[in-house]
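Take a look at the following structure, please.
So that you can tell them apart, the chains are marked A, B, C and D in the order they are listed, and the count of residues begins at 1 in each.
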């Protein structure tokens, strides 16, 4: 079976969720959502999944604060964030480009990032567009920082950055991304050219593994059906 | 029971009021929003609990808003909120950007009548830099240094939302939209539009009472069937995605926005 | 679903655990309490949310309790809690006296994963004098001097209560006894006894879902019809005032208490 | 009609609730509860009443904290407290006699007093037993103080003390009780003899007014029925 680019991303993210008890997925995140569902399926249900704004895939019934309370208590093992800009220190910008407040490009806002990025142990950054526009040397506005000084209470933070071209793992001690795998059809020099920040190279950079046929069948069947509840447009 | 018309309800939300509004999934009072635009409300301070979408965008586009306090304004899968983005770029609204849990916690402090609530996170974010009302203290419960943010209580003048059902006493059933309970508790006045009004007493209905806002917290109610249109309402109406997509396109410029507002001024069946 | 027997449930509450328990009106797990006494539980730290009655008194009388944290222990219209009073006079339990809203706020801080919650009041009370874990700071949000108490978060090891209904997935319906939701959210583990277990999914029941604790928070459930006896349960059972009066008399001395415990060891139908 | 002592107390307390929008009544308080219901009736429903642990007479449905949140927001105009001991500065003791924690007399505990006494504008102290045992010079344990220094946030506090013999109003500035009315059949010297604290005398001490026949009829009819919900034993 032929693996589509999005299926590779879903599979790649799913593998990062191994061993996580409870994964939460924010709004407008169909690829991370599918990845969480795939991991749930592969784990035999050990991994629980909450997809915000979903009818079937969530158990929140105590108001807009419940997800955040769960995160603060350590009940959520993994979450996904993105950014209009992401920089080399894993700072993310969900607000805009230019000087605050009168940005010349304005996005929606920081949503829960300025709390969840600190408290969820394994935050996976996902941005399909891998260009110097999205992956920058320094963000114009820090919605949430990639790292914090040692005196700041911060059990969580960035774990990896998955793009349409490759996977970077994040080294929290060095506050730097490390390129660990390149998706099939992409090359290191192309990644350098399209990345606005400096990054390290893993000793052993691999080609991002493809899902096997059984996994693809799972993805195209039951997972696609489940994800149609919160993301009908994506499923089509 | 304090039952009034949607128009009267909008008249009772004064210019300059600090109005708490729910996220797009939770009972957004769009019929009342149309009435606010109709009465040319001005200088509203909107506090999204914790985000908004078409509601904030409509009010901003119609010139009703002076201050926008939120963790995000988005039309979700329909894209950017065009009037919000335009107003930010033009500097025509004052922004009070925040993060979702900070808005919820601030509202909970308002509900509890306490001056502040602590929250983890935020330190090192530029959000904090632009919120001088958020304070950082050293956690007094900790032995070592442990900076933590204190959020001031949010006490809205008005909570405005739409619910499936009210009764003649003024009790309002909200189902699982629990943020509406917090909003009603925290706000000085609460105005609610509803799909239906029942003759039964919701507080005496064993199954509905736990998810019912007691009349004590409710200032007035207006019946407005399809009052969230074109947004949906859990358990009642699906969102009208065709109309929401039309709105998203219209919100990209002032003229198309004005036409959309004019065309939809009477709601779903207008 | 994690369905176990009442005996097994009591076995899974370890000696020394910090156990949150509800007030006498809200789903007191007395069948489980009898099982705890039966297994000779020791050194429990009871945290009443915010008061207790026969439950704390039974556990204290049976020697299960090392620490009693509460705003009050009372048998209500039946009078003083005899075993509690005796233990206080004998110095055989460690008291952590407090006031109702401080216990609720501390639990809410635990629910929210924040280290503390501020509260008005308490300053000048001797309660504060004997609670070194309560801190007074100057309100950082205030311009002038404004001392305010910070309460540390309460994070119970275990929440233990009784509810009318659960389902096979582990979801628990609590009606208007909302403190049980906070307890389940705040505690590391939650053990619940219930009147009934339904095959339906409570989270998919539009009317019950808003007052249902999601299974995620529930460690295990045991079916225990009349599990609050001789206390009542809202919407299910009236209190057995004859038996409660008998208990109040028995609790006045150790021998009568022991006889009462032995006689009622098997509950209402024992 | 002949007014019973308890009816006089109910009527006396009810008159203190005039103009209050929302009165809350704690557990085990049938006389204050009846007074609140009488005032509600006399006000034509303008005064709202919440009786804790009552099925019919309360609208609390958000857990054990809701009453206190309402009080902290200023939504509750009047409340009732009592004490095993009450002293001349209106300090109340609900905990015990002797040295804490091993009191030789131990009562139930402070319940909500250490917050409500500070925040509810008009707190009426009610203690039917008027002896030197209950009304003392200084309480052994302060569950909640009668007054606070000016820097303490305290919009509420004691308004009056109603006993089986008389009514004291509380002067917050002086932190002293002022005897204002004596119940029929009681005398000033008897009150002095049975009061453990020093108090001031009003310029014009009156005999506590009795309810008229219409009020007594109301009390014995509809009010008695309503109060039977939270306090069945009292109603009998």
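For the reader, a short list of remarks on this structure follows.
One rule holds for everything that comes next: a residue touches a chain if its C-beta (ideal position, glycine included) is under 8 Å from a C-beta of that chain, and two chains touch if they have at least 3 such contacts.
Nothing here was measured: the structure is a model prediction, and the numbers come from that model.
Between subunit A and subunit C, the least number of touch steps comes to 1. The interface with the greater number of C-beta contacts, when C-D is set against B-D, is C-D. We define each chain's centre as the mean of its Cα atoms; on that basis subunit C and subunit D are separated by 28 Å.
Centre-to-centre spacing of subunit B and subunit D amounts to 40 Å, using the average Cα coordinate of each chain.
Subunit A and subunit D have Cα centroids separated by 59 Å.
For this pair, subunit B with subunit C, the centres built from the Cα atoms lie 36 Å apart.
Across the assembly, subunit A contributes 61-62, 65-66, 72, 119 as residues in contact with two or more other chains. For subunit C, residues that reach two or more other chains under the stated contact definition are 105, 112-114, 119-120, 146, 148, 176, 178, 181, 209-210. In terms of inter-chain touching, the protein chains here follow a pattern that is not a line, ring, star or complete graph. The list of touching chain pairs reads A-B, A-C, B-C, B-D, C-D.
Listed in rising order, the residues of subunit C touching subunit D in the complex are 22-23, 25-26, 49-51, 70-74, 76-77, 80-81, 84-85, 88-91, 94-95, 97-102, 104-105, 108, 119-128, 130, 144-148, 176-179, 181-182. Residue ranges of subunit D in contact with subunit B, taken from their complex: 22, 48, 59-62, 65-66, 69, 71-75, 119.
Of all residues in subunit B, those touching subunit D in their complex are 111-114, 181, 185, 203, 209-210, 212, 214-216. For subunit D in complex with subunit C, the touching residues are 27-28, 53, 61-66, 68, 72, 94-96, 100-104, 106-119, 141-145, 148-149, 151-153, 231, 233.
Residues of subunit B that touch subunit C in their complex: 105, 112-120, 135, 137, 139-142, 146, 148, 150, 152, 174-176, 178, 206-211, 235.
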